[in-house]
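This structure is in structure tokens; I'll ask about it shortly.
Just so it is clear, A, B, C, D, E, F, G and H label the chains in written order, and each chain counts residues from 1 on its own.
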Amino acid sequence: MADAPRTAHLGHTRLDLDRARRTGLPEAIYAAGKTPQQCVEIVSRLLESGDDPVIVTRTRDEHRDALAPLSPVATVGSTLSWRHLPTAGIAPVVVVSGGTSDAPVVDEAIATLQACGAPTGVHHDVGVAGLHRLLEVVPELSDAAVVIAVAGMEGALPTVLAGLIAAPIITVPTSVGYGSSLDGVTALLSSLASCAPGLTVVGIDNGYGAACAALRILGRGPTSEAP
Amino acid sequence: MADAPRTAHLGHTRLDLDRARRTGLPEAIYAAGKTPQQCVEIVSRLLESGDDPVIVTRTRDEHRDALAPLSPVATVGSTLSWRHLPTAGIAPVVVVSGGTSDAPVVDEAIATLQACGAPTGVHHDVGVAGLHRLLEVVPELSDAAVVIAVAGMEGALPTVLAGLIAAPIITVPTSVGYGSSLDGVTALLSSLASCAPGLTVVGIDNGYGAACAALRILGRGPTSEAP
Amino acid sequence: MADAPRTAHLGHTRLDLDRARRTGLPEAIYAAGKTPQQCVEIVSRLLESGDDPVIVTRTRDEHRDALAPLSPVATVGSTLSWRHLPTAGIAPVVVVSGGTSDAPVVDEAIATLQACGAPTGVHHDVGVAGLHRLLEVVPELSDAAVVIAVAGMEGALPTVLAGLIAAPIITVPTSVGYGSSLDGVTALLSSLASCAPGLTVVGIDNGYGAACAALRILGRGPTSEAP
Amino acid sequence: MADAPRTAHLGHTRLDLDRARRTGLPEAIYAAGKTPQQCVEIVSRLLESGDDPVIVTRTRDEHRDALAPLSPVATVGSTLSWRHLPTAGIAPVVVVSGGTSDAPVVDEAIATLQACGAPTGVHHDVGVAGLHRLLEVVPELSDAAVVIAVAGMEGALPTVLAGLIAAPIITVPTSVGYGSSLDGVTALLSSLASCAPGLTVVGIDNGYGAACAALRILGRGPTSEAP
Amino acid sequence: MADAPRTAHLGHTRLDLDRARRTGLPEAIYAAGKTPQQCVEIVSRLLESGDDPVIVTRTRDEHRDALAPLSPVATVGSTLSWRHLPTAGIAPVVVVSGGTSDAPVVDEAIATLQACGAPTGVHHDVGVAGLHRLLEVVPELSDAAVVIAVAGMEGALPTVLAGLIAAPIITVPTSVGYGSSLDGVTALLSSLASCAPGLTVVGIDNGYGAACAALRILGRGPTSEAP
Amino acid sequence: MADAPRTAHLGHTRLDLDRARRTGLPEAIYAAGKTPQQCVEIVSRLLESGDDPVIVTRTRDEHRDALAPLSPVATVGSTLSWRHLPTAGIAPVVVVSGGTSDAPVVDEAIATLQACGAPTGVHHDVGVAGLHRLLEVVPELSDAAVVIAVAGMEGALPTVLAGLIAAPIITVPTSVGYGSSLDGVTALLSSLASCAPGLTVVGIDNGYGAACAALRILGRGPTSEAP
Amino acid sequence: MADAPRTAHLGHTRLDLDRARRTGLPEAIYAAGKTPQQCVEIVSRLLESGDDPVIVTRTRDEHRDALAPLSPVATVGSTLSWRHLPTAGIAPVVVVSGGTSDAPVVDEAIATLQACGAPTGVHHDVGVAGLHRLLEVVPELSDAAVVIAVAGMEGALPTVLAGLIAAPIITVPTSVGYGSSLDGVTALLSSLASCAPGLTVVGIDNGYGAACAALRILGRGPTSEAP
Amino acid sequence: MADAPRTAHLGHTRLDLDRARRTGLPEAIYAAGKTPQQCVEIVSRLLESGDDPVIVTRTRDEHRDALAPLSPVATVGSTLSWRHLPTAGIAPVVVVSGGTSDAPVVDEAIATLQACGAPTGVHHDVGVAGLHRLLEVVPELSDAAVVIAVAGMEGALPTVLAGLIAAPIITVPTSVGYGSSLDGVTALLSSLASCAPGLTVVGIDNGYGAACAALRILGRGPTSEAP
């Protein structure tokens, strides 16, 4: 742990100013449990130090209103970001979703990837109930550096995909569905118990986490760019 | 409830001698919770009355030894049967399984169907991790009267199937798998939450129940044959 | 998979224009996770292609307001439909419910069946706490092609029914009840563990799914009508 | 709490010598978690003090062998008892079971009731899959002081019963069944969520507890006999 | 089942006009899943037939407003009732609660008991964290015909009570508490697993069910009054 | 139980006026399940008797408005308190949290400790994803009398802490996080299953309970102060 | 973290030779997942370094046979220990259990405490079903430095205790009980949701963990003894 | 899907001879649910076709005895393998475990990786209760291509690791632990809910799956070697 890592104290929050240096990933602010004012203070402080990307996820309208004066570079769904890295000239991370209702989770992953300079691709609504919809995008997925499979309900999409392509696959189970979907638990268990080998999973609805896992595989982020 | 239904008392057991007349399904004996001697008494009594098929499921060695003197017509896995109905000249019930380890559940379904005169077909090990294995049997499934899909682990097989064929599909989740398979609960939830419409489900490992549901669809059994 | 299946891209949605041809079931739009505008775009696109029925389930007021200009043929509860098939001259699908509060699920099943041309019957509120209420409708159920049993709370209705009639029975557990009903999980487990053979189950509150399963049994839908 | 309650110390165990005086129920020894030697010491000590019935439940062979020299008055299944109260001349407690495999739980209830002087009746195997089996015993149940309904699998028996008779009904869910029966949890939830009013429940497989609840209703036991 | 039971059809509801005759309990209407108009129709129809008490539980303001013109005899919390039976001159049913927040469940039980003519007593807030609060009411509980113990959080109250008194005890677990109370599941499991024998349980928050169980024990209700 | 404990009856509530004398902890009022008027009555009555601290937790705006005329000494988040004990000159109870969003639970603990005279310290946002943030506060924690570790999500903070310091550690799992955090269950299980010995846990979000446990360790409260 | 902590590598195991110095607790070996040979190697290595106590928990016969040549100082149930600290002259840690079957967990706690020099007391079988059994030991518990409450089934013992005494209380839920006890989960939830403030909990059956938590409170262990 | 994939039928099993070509991963045989004879037939058939590695996991003694005549190249724990690929000259996959008892899962991952030609490293027993044990291996982990973190109990290891290194991390929760570890569910939830970004998870005890996910990241396997 060579140099002592730097920390910034904001009273309610203790900022980790070296996370990107250690892990290749910028610190993201999870807005859902914070007041708009807390988010503004944290983002302001981060923008004053270093030059890593800054990301805020799960904002509501009041968060976005409060953060607007800080001029985010991009707002994708409920994710805001500042100081994007330039997009790298490498194979893309491709995100596929099982259905239209999974879009907010797809957006969170895409927003995170783009802020960190990863090239991206998206295919919405390729669930296995219409298998040809998935099969027609398979060739494109085979060229991906990483595939992120976003799926709710029974979560069969990643399993079928894992039998068809050789790329790393990261599953994001979503809380889309009702009744027996159990708010995403069914899709989560489904990917964990999959008969198709080599599938990995992140938490329910965690598009940000899937993007970070993909960035780890790419070796992307400030550290590996400029150590 | 027209004529008073007939019942036979054996002390520990109260036999429903008219179940087949009412429901088109013979009474089956679930051996797992009964002593070999109780099974022998029940089967003997049933063989003395009427002429419906008699089925005993989930036998262990000691049950099979005790029942052998009663000369079962067939022993398939742990299921024994007597007084089979003649096989009808209709479209078959086809049973497909996701993996080799699902075989005991497949056997229970097949044994029940054959005892009641339903023509059957079987395709073992067509799980979706190797999609072409499933696709090569799809044409045959399209001709089935009913398809029974037996699958453990993540249970994606029935969902994929339901997007490909128009026949009625009955899913049997199995307790095959480990860890996150949760003894079949994952496969069960997966089918219940499926994005593919028109999938129905029976209890975990319940091959007998799936066969009975198929027989209801066929309108098979003593009643509908000879009312 | 003969001819390449046709797909329509709407950006957020990838429509499966051949689902009815393959599975005998029209594609239904689940409104709950979609904006009114997305629903309008999808329905408009579907009405432009082919002549299969179009169904939208789980609409809220804002969805229905937005879809009204597209002139649905029928609005039953929260389900809208277009381009109904003519009602076939066959034995009906009869839906029974355990209590008055199950009505929205009953409506979803009936609306789907009617759009696809299946003759239907309904008996509300025949729960087993007043057994004679059920017994007085049993004769009518015996003539049904399929019985859909909709029940919440303890879900005993399908089990009792399965001991009385020979028709195929599809259970829809509902989230009706409170406390120990666990939002439908109790009724779901009850049907899956039933001592009565040949009961099949669909997901909690999934009236649409039960109707589709019944349509599979009837061999109904555009495909089997006009292949 | 009038007189100070009496206690006997055995090192590993602290005997409550006045439980019967307070609650009308003798202290029972649950053998499953105790060594045969501990059971012998406890029973010996109880037989030396007072004249209440003594009951040992859930014995295995080694417990029964060790306790045989203490000459139990009755051994019913795995329950042993000493110093029975004379049978009272009152309406009986009637135990009904859903299936033959529920017999061990029925036995535990019956053994406890008989030791405490309650008249008893039993009807095995009257599950609702053959409704007439239950209906033919209903008249007899209507005369009962209390009905104990022992049922596993989906546990529909107590619900149906509660719609037919006015007597107090105590349900014992059993771990009989497999897969989706979840070792009795399904039957437990089913009775708790029942649409039939006035049903009460004890723990899974707890035949002893159900008998004690019935004894409370009867006002039976040493206290109320001889205060 | 002697005389054919009488039923009244209201379209959405099938009234069981003889439930009281069979089970000694009037049919109660669970308002939560019904519209105010449905409740009015059902109550009106019941008031036209026979002379049993009529009870409506879980009303909201709009239900109470709609039902007011039907002049309920009593409104206790969210429970309304008509045609009370005269209070019998017998030992009372005493309801105890663990805390002030359990009051709505206590009210539901008391309202039901009073409508059916059972004398009642109440002790609020005698939870075991202040044991003397409970001990000071024990003498009064010992004279009760039945004790209903209403408790949320960890649900220890009924267990302690069952070691102190001989009367029948019916536990109602409540959803009072937060976090690890799991909406009543903890209190429910606690009573079911109790080390104190003879405790029975009804569903979470089910004050109505507990009252009905007490009425069964009392042999109260129209039937036993006037057969 | 020496002198008879004193109790005050308020109809809906039975106040335990001697809890502090017995347990060293004042009775706290959990406002969430009570009306503002009930809270006012209870606090008023407690302020009239004895001189123990009085604490009200989980207030909403309407509770605070109603209680304002009673002039609370402190309002920390949603916790109000009266009659604080003087702060003792002993080692402090230090509260650490994993993230900014855990603040309400931290506040509840701090408010309770301060009302009872315990010196306190706080370190917000020292979660293990930035290990150096935790390591930089470890020296200060080593001097604490008790450490309260407040953590949601995966709850790894207390485990890491328990390997680094010798002080007693009380974990409060919080419902902070989403999806797989399961409203605090994950953090709860994590601490209970911890590989680090000597960690204790209180209920999810229960900052008040953790403070009380710390006060028990300090031997603080009215009793030990003035017996 | 002053001096670099010392570690010993055994291939399969990496020994933490300074845990006692940091946390005041010796490293214990959990035998259940290790071979007898691995246990022998680890204990031998620990006995060669420093002079802290060494503890092995959850041994089976084969572990004890293999470890016998290393001459343990004490064997209490399945726990072995070496190099005990001298017993300190302070208030004792008192362990109470709800029933005789909880003894193995009591033994594990006592063995750990004694090896580390804490004075101990034990009261077996004081469950709340016989409240006077508990009340008669309360005076003794009031003098304890810490009380460890070991209880399975419904786990009401710690809640009642917490209302009666001021000492720190650590609950160990046990897997004693059957059916609805859910292998200790019920007792665990019960203590976490307790209405009695200041109760802390360790994992199910974790007598070792409870002892370590008590040792943290005592400030016992090699470090605080000889720093 | 270019060339039709090749399949081999063995009756009970349908071999996917092109999985490696599509997914870069050889088909592994899960022995636990298969007879020794079935394993022999499958391995023999695979060895006859192509030249991909062949792996059998979860063997018991009888499987290993039956497979010995087929001369496996390596036997690591319960995993057997044939036809290893040459080890590639790239950064290694490093496997770390929380404790000695996790060794069987570590072995399964290592065996799979080595058969497929990935260079490997292992660090046993670096759980976070002794943080310096982990910190001393961090430098080595920073050079890894992929880190597989194997941890049971509370599963904090991967979370701490994810805050320290930039490499891709794959978590394998293990069923090591007891009581509240819930057979691995606690460790699983812990990683899914982690506050540390970019952590991915495979199923409980699934060392084989983690190895396959690592191989996908490496782009290893027959396909990527020889397309």
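Quick note on the criterion: a contact is a pair of C-beta atoms (placed from the backbone, for glycine too) under 8 Å apart; a residue touches a chain by one contact, two chains touch by 3 or more.
Given the structure is predicted, the values throughout are model-derived calculations rather than measurements.
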item: Distance-maximising chain from subunit C - centres being C-alpha averages; value: G
item: Distance between the centres, which are taken as Cα means, of subunit C and subunit B, whole angstrom; value: 25
item: Chain centre separation in whole Å, for subunit H relative to subunit D (CA means); value: 51
item: Gap in Å, rounded to a whole number, between the CA centres of subunit G and subunit A; value: 43
item: Shared-contact residues (touching 2 or more other chains) in subunit G; value: 1, 19, 99, 129-130, 162-164, 179-181, 188, 192-194, 197, 203-204, 206
item: Pairwise chain contacts under the document criterion; value: A-B, A-C, A-F, A-H, B-C, B-D, B-H, C-D, C-E, D-E, D-G, E-F, E-G, F-G, F-H, G-H
item: Contacting residues of subunit H [partner subunit F, same complex]; value: 98-99, 127-131, 153-156, 159-160, 162-164, 177, 179-182, 185-187, 189-197
item: Complex contact set, residues of subunit A against subunit H; value: 1, 19, 22-25, 28, 135, 138, 162-170, 188, 192-194, 197-204, 206, 208-209, 212-213, 215-217, 219, 221, 223-224
item: Sites on subunit C touched by subunit A in the complex; value: 1, 4-5, 7, 11-14, 16, 18-19, 30, 32-34, 38, 58, 175, 183-184, 188, 203-206
item: In the complex, subunit B residues that touch subunit H; value: 99-101, 103, 123-126, 129-130, 132-133, 136, 176, 178-181
